[in-house]
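We just call them A, B, C and D in the order they show up, numbering each chain from 1.
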Amino acid sequence: MTFSIIARCPTTRRLGLGIATFSIAAGGRCEGIRHGVGICKTQAYINRGNDLLALQMLEQGLSPAAVMKSLEANDPDHEFRQIAIIDREGNACAHTGSGPRPWAGHHIGDGFVAFGNVLAGPQVIDGIVKGFLAKPDDELEFRLLAALEGGRDAGGQVGGDGHLPERSAAIFVVSEPDHPDIDARVDLHPEAIAELRRVLEEFKIYEVFYRDRGYRPDLAMSQAEFVATLSKRA
Amino acid sequence: MTFTLLARCPKTGQVGIGIATYSICVGLYCNGLRGNVGATMSQAFVNQGNNPLALRLLAQGYTPQRVLDDLKANDPNHEFRQIAVIDRLGRVAASTGTKNRGWAGHQVGEGYVAMGNVLAGEKTVTAMAKAYEAASSLSFERRLLAAIEAGRDAGGQSGVDGHLTERSAALMVYGDYDHAEIDLRVDLHDKAVEELRRAFEEYDQYRGYYKERSKNPKDAIPQYQFVAELQKRQQEAAQ
Amino acid sequence: MTFSLIGRCARTGRLGLGIATFSLAVGGRCEGVAANIGVCKTQAFPNRTNDPLGIKLLAQGYLPKRVMEMFAANDTEHSYRQIAIMDRDGRIEGHTGPGCRGWAGHKEGKDCIAFGNGLVGPQVLDGMIAGFLEKPDDALEYRLMRAIEGGRDAGGQGTPDAHRPERSAAIKVVDRRDYPDVDVRVDVHPTAVAELRRVLEEFKLYEEFYRGRDTDPSKAIPQDVFVKELEARRRVRA
Amino acid sequence: MTYTILGRCARTGRLGIGIATFSITVGRYAHSIRSMVGVTVSQANANENNNQIALRLLDQGFGAQAALDHLKSNDAYHSYRQIGVIDRTGAAVGYTGKNVRGWCGEMVGENYVSTGNGLRGQHVVEAIAKAFLAEPDADLEHRLLMGIEAGRDAGGQGNATTHRTERSAALLVYSRDPYPDIDLRVDLHEKAVDELRRVYVEYKQYEDYYRARGEHPRGAPSQEAFMTTLRKAS
């Protein structure tokens, strides 16, 4: 019960991941993204070593398809995993085993993969894709968010007892190996995607201030002063 | 006797170098580029150990200034070197040692360094920087090329008996991979910068073909056929 | 279409690659030459990721034969690649996929492997190996030069009806340092092998001077002065 | 303005961080642990590259003090930074540059660093350290959270006249694996430490279920079924 998208921005080469799920604190299980290397995200039944192992192989230069084969050979429960892989050039590969509960599936697009399980149906994947492609010139983080919203609005997750809300959600974008550009999370909330939009939009207001005070602290105003300028603007 | 534009592309994070010099085979020394790590170049009296060492320090996460300090501390002949270092964030440090010959100096800009020694004067360096900035709408490799052409046109190098021609030149760009995205050289030629431009314009028309051929060999046409079609198109365009 | 030779100097342990081809700027696609590790070169329909991957695997201690197996597993188009691998001890592995066009093949010789595709025939490989073995005591870069000249003189690239010129060529030699000893190139030229010979001969005249500028710059004379002395010596000899 | 506890469990070698601040999405600065290697934090005008540099140095075998010395010599603005480091032996160091704002400082002992800036006073970092040390045999995540809550209860951020609320918080713990054991966040909330406790309590009920489901997917109950057993138990 998760729907996700991994993608590469062709103009900036940034890599990003968006995820929303009924499970809580899903953002804490997304370590498989590294700039200049690629993304691997395992979901449904997660084996936590998978994503970092895949990154190591991608870093060596192995193709997403070969990495997927190695993951399969390494895991007796491969059929229970849902895995998407994208390399630094945007080549993609995905696997939805027979184990994840229905409806489960994925769509591989040009430089991105949309995938999910325990969904209302294939229309959720279509909604993710449509949301992602709606504004191709937007920053990657907003395209990922639009993708998650598209998946939610197309019905999202449906379990044994009917619709399941998104309780956690996260967006990661990287353009540098050592720290993320965007790392916004909601870990436990009744409407996690709506809350994630609130967090992301607020963060974007602070983004440049936070960055610049790191680069040139001698020129930075205090955060209290910065917040005051915000309320003045409003 | 060299002039160089070393840079990081602010849009894509690619790192690259454009370089031209009276020395021959200068491309041999341009081993200071690595995607997601940084760019560095040691010239004048080249210490060939500097570039690999600087890349390792950049990979550790050291700032360009700290890398430069380490190179200096590691080299008793540091004052003979001219060095530029750019990290993966585009931060820059450069040094022109006091024992460089002729007019020697560097200009640091946002994400780039223009530098040279045994030059006609400061104008060679400022012209490179200006051309690189002015070409911001072009692709990264074209910006680098424009910079060294501007350096040449501003007078380039000047030795004991006056102007020195460019006998070798190189243009290199690295992205996310271990291999170069572009790596073009002229090793020995009377007008190496002109020859580099010629090689680039020619090669540029092949890039898509080479890439596609690698990805999808089954459907690739033979290269001589590609060349014949290319020449036909060029003739038609000329008419 | 390309003809290449990977060679090792048994005396010094230096490793190198000589290559000539109809394609442009081939020297810019030869990153698989690594000091103290080995040489890996993919051609015909090269995928650029193979050679750096090969070097990493060799550095981890895999044998060339095992590296080739891993290439095959990693690459759906392996049958279109031509690959030669040599490790630092001189162990060799070659692969010429059936998808390579024209006459294509590889052949091992003492301390070397010659490989090519789109060639006029197997005599090109024999010409390369003969050239490489002709003066075994010479510096490796000259032996590689002679190898590609031998390939060219045996007919080089093309078919019996249509010869294809070498438009780019390169020689790369590594020793113990983590930068190459010799790295000379011709990227776009109608007779690239002949031009490469000219560049190499000229480079060898400068090699010591350039190295001295590095190790002891305080004793170095200006390069234009060096060139003038060089020209004077040339005139005397002529 | 931020307060942080870095801790190492002397029994198990687990490493962790608890952090709370007026800034939003602080979790993006807390990717600062490498299992069995060390934990670090750079705050107050954070130099975002510092964490990975420190971890690489610790990985090579440099001790906490040497790593801190490297960070200072590598950064022209280190006088604006506040840094803490614990290495794999438990050796701990803290540093507060002279240009850091408000009341700022740290309490350091074997296996912990309690550090903060823009605080109501020295008593805040003392309260954090005291709470962290109170239950040495408890799980590290519990000790870290107790530390953060003690910091809040001691007055937290602000000065003599004003108080600043915690708007974001994070809790991370690594064991032997290359991915975190615990990775919980609150990115934008009026009472982020209270919210972090809520997420933590909820997550702790799911922790074993999430792990078992990944390791043994065959026959694992659905999340809805698991929640039914949870409700029955309570």
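Operating definition for what follows: contacts are C-beta pairs under 8 Å (C-beta built on N, C-alpha and C of every residue); 3 or more make two chains touch, one makes a residue touch a chain.
Everything numeric in this text was worked out from a predicted model, so none of it was measured.
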**Request:** Please give the intersection of the contact partners of chain C with those of chain D.
**Result:** A, B
**Message:** On the document's contact criterion, could you list the chains that touch chain A and likewise touch chain D?
**Reply:** B
**Asked** Greatest Cα-centroid separation from chain D: which chain?
**Response** C
**Message:** When I count C-beta pairs in contact, which pair ends up with more: A-B or B-D?
**Reply:** A-B
**Message:** Using mean CA coordinates as chain centres, what's the gap between chain A and chain B in Å?
**Reply:** 37
**Message:** Rounded to a whole Å, what is the gap between the Cα centroids of chain A and chain C?
**Reply:** 44
**Complete:** Between chain B and chain C, the Cα-mean centres are separated in Å by 23
**Prompt:** Residues of chain C that touch two or more other chains: which are they?
**Reply:** 49, 52
**Message:** If I count partner chains per residue in chain B, which residues reach a count of at least 2?
**Reply:** 61, 89, 177-178
**Complete:** By the touch definition above, chain A meets two or more other chains at residues 61, 177-178
**Complete:** Among line, ring, star, complete and other, the chain touch graph is other
**Prompt:** Pairwise, which chains touch?
**Reply:** A-B, A-C, A-D, B-C, B-D
**Asked** In the complex of these two chains, what residues of chain B are touching chain C?
**Response** 1, 22-25, 27-29, 31, 45-49, 51-52, 77, 80, 99, 101, 118, 159-161, 164, 172, 177-180, 182-188, 198-199, 202-203, 206, 210, 213-218, 220, 222-224
**Asked** chain A touches which residues of chain D in the complex?
**Response** 1, 22-25, 27-29, 31, 45-49, 51-53, 77, 80-81, 99, 101, 164, 177-180, 182-188, 198-199, 202-203, 206, 210, 213-218, 220, 222-225
**Asked** What residues on chain C touch chain A, complex-wise?
**Response** 49-50, 52-53, 56-57, 73-76
**Request:** Over in the complex, which chain A residues touch chain C? Could you list them?
**Result:** 60-63, 65-66, 69
**Request:** Spell out the part of chain B that touches chain A in their complex, as residue ranges.
**Result:** 11-13, 35-36, 61, 88-89, 175-178
